[in-house]
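Per-chain residue numbering starts at 1, and chain names A, B and C are given in the order in which the chains are listed.
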């Protein structure tokens, strides 16, 4: 218990620090005590929505990763590796190309189609990842790889074939928080906290599901419904993130893993901690992305990979005993 | 004997797609019974377990629990009566033994209830299988026998009076095989629990079970007290192996030896 | 449970506070001015007096600078002409706000522009947040002479340089007509214009270079391609059999190897050795496109080839 309390304190402090850094650092260094009019404008119209976007996208992706790992009972699952992120981007791209939605006119519709794309990818991975009713790690990862590559390729074709106007629209969700503003940020503000609440509400059931569907059912858990609920939830969180900021990898893989190692696998504490940690992580990565190559920006996905992968590999070597891998 | 009938199976029929898996099943289980399900592979033992669990629904016939159809119980309600120990799952997460056993309390805890009463039940369950000293250990670091005992503890933590086990002695060394059956027997004797276990080792069945159901090709070949039903004829008919029955002079315990091993 | 709830509520409260502040924080007040419709169909309100302009694309920087370079305070890292522009950049009187796709919003805001001039649809992603913050963002996207005249005159009005704009346009049009007349009556030449050698990239029918080509008397063999630029295969080029090949300077080594590369020999242009080079800047200027146009015309029709011809030994 004490550990978890300590964890919350650390994460809250990190959250504060991360936001202070994100809001003050940039091509324009803002000190909160002495702000000019332009500073205020930059702070409230650009940096604040950007940081909030990064927080909720990072938290959402991390939580989605934790959910997938619980669902598939495997620590190597996350939206990106399972191809769900690619599904989300294909959903959005297809909607734009077919003229069903436009990021200019109705961004919410784009997110909706993104969600549909994520669900399709989920169905495919679920279908191909099962063997005799059980999820096989091997098949899951391969199915995810395949589905992800396939959908990403289709998006690439759309980009190449699109007329100039269409091409411009497609670039909209291709990545990063560089052009975040309040009208896109509010989507994450509205959607992600709901997702977190739902995830925490049924965390106990997911805990029991870790033992297998049959054992869980025998314990009184409606296994099928819980699995469907969480799968859809994870796809939802993924699609919100992708439609806002494009494909960002490794957040959903690394953050839950680290939290699990330190605080244990109980989803009731794992989910909220992972959400906040993921949010802080991405805010920090976005800040780094902004200042490293000033005035240009590094795509935030590159920063998460550069920071995250070495960490991940290190943990992989160190902690495999706990996982029976 | 005046013992209460808890589970009653009536005219059960089950099939997967077009293939019948279980047919004409009709028997009942009383309080305090340790029922062994035996039979060759594919005879439907696991399917029968799943039907008793309520995971599968019979295509015809029914299962009565306390004279009410099993299907009429809500999942959590049913879980308070029947608990299940599956074959060992591969657990990829760092749960401690305590946390794993605590999962068994699910049917009893409300959404936001405190954890204190549950901790007592969890510790009690661990004590019953003599694994209390392992509670802070990560489950995946335990030995096969220890894991099985912890899994049984989880089912015990469910405070259900009916325990269903699918091959609980598989892959276990001799010491743990005996220990587990002893624990199960004690539950039946001292707490009037019901244990239904799929077992392969006929000698263990002979020593510990009260009743035995011998299945062959989805049909009950024989059902009844183990002394009567587990005999050379039935074994030959169900398994196709000629075994000779022998009795130990002092205790009267019966065991079986393959005939071709006799001089 | 409690602390989680507390923290979550704290985050929500912060977000709401920020939202309220953002609404209150004033965008730059626009003095009453004119309302125009830009090249993408958007209605834009431009203040009466425009002193500070940020341009998001070299072609627009060129236009602004020709009229009144002192008013340009921000441009992209690719801005090179006219010469006055390059000078101001060197003297740091024009701030670099990034490239076309990755313009840095904060830098733009920091410059406190009165007007931001963007390019076509591809810059919408950057334009939108700026518009929401209250900045007038004008999309100027001239792709032929008519569009150029419209956009340049508009800029002339905005910058109060109507006279200068008209004079420049008149000159340009005169020069333009002169060349077009020279090309009149001559049979059109089929041309392949190569922007990049590996992979092979050429221009399509939405691009300015194609318009230049047609004005000079040529036909782009890939005029059926509805993009600014696109990747093509050697087979398509051979099949469409251009009479003239135009390369950008910088591709000389590629051209030296041309006859040695399989397939190129089948093309008329290679057999007749009708190959020219143009500078990238020839294609990138909008107002001052005449130089490029003239060079293209010469390439197509003059007896002396512009640039290097393939040496006879490689035939």
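Just so it is clear, a contact is a pair of C-beta atoms (placed from the backbone, for glycine too) under 8 Å apart; a residue touches a chain by one contact, two chains touch by 3 or more.
All figures in this text were calculated on a predicted structure; none of them were measured in a lab.
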Chain closest to the assembly centre - both centres taken as Cα means: A
Chain of greatest Cα-centre distance to subunit B: C
Gap in Å, rounded to a whole number, between the CA centres of subunit C and subunit B: 77
Intercentroid distance (Cα basis), subunit B paired with subunit A, Å: 43
Cα-centroid distance, subunit A relative to subunit C, in whole angstrom: 37
Residues of subunit B whose C-beta touches two or more other chains: none
Subunit A-touching residues of subunit C, taken from the complex the two chains share: 3-4, 7-8, 11-12, 15, 18-19, 21-22, 25-28, 96-99, 101-102, 104-107, 109-110, 112, 120-126, 128-129, 132-133, 206, 226-228, 230-231
Subunit C contact footprint on subunit A (complex, rising order): 5, 8, 12, 15, 26-28, 37-38, 40-42, 44-49, 52, 104, 160, 163-165, 167-169, 171-172, 178-183, 189, 193, 196, 200, 272, 276, 295-297
Residues of subunit A defined as touching subunit B within the complex: 73-75, 201, 204-205, 207-208, 210-212, 214-215, 217-222, 260-261, 264-266, 321-325
In the complex, subunit B residues that touch subunit A: 50, 53-55, 74-80, 82-86, 89-96, 99-100, 103-104, 106-107, 109, 111, 138, 140-141, 154, 158, 164
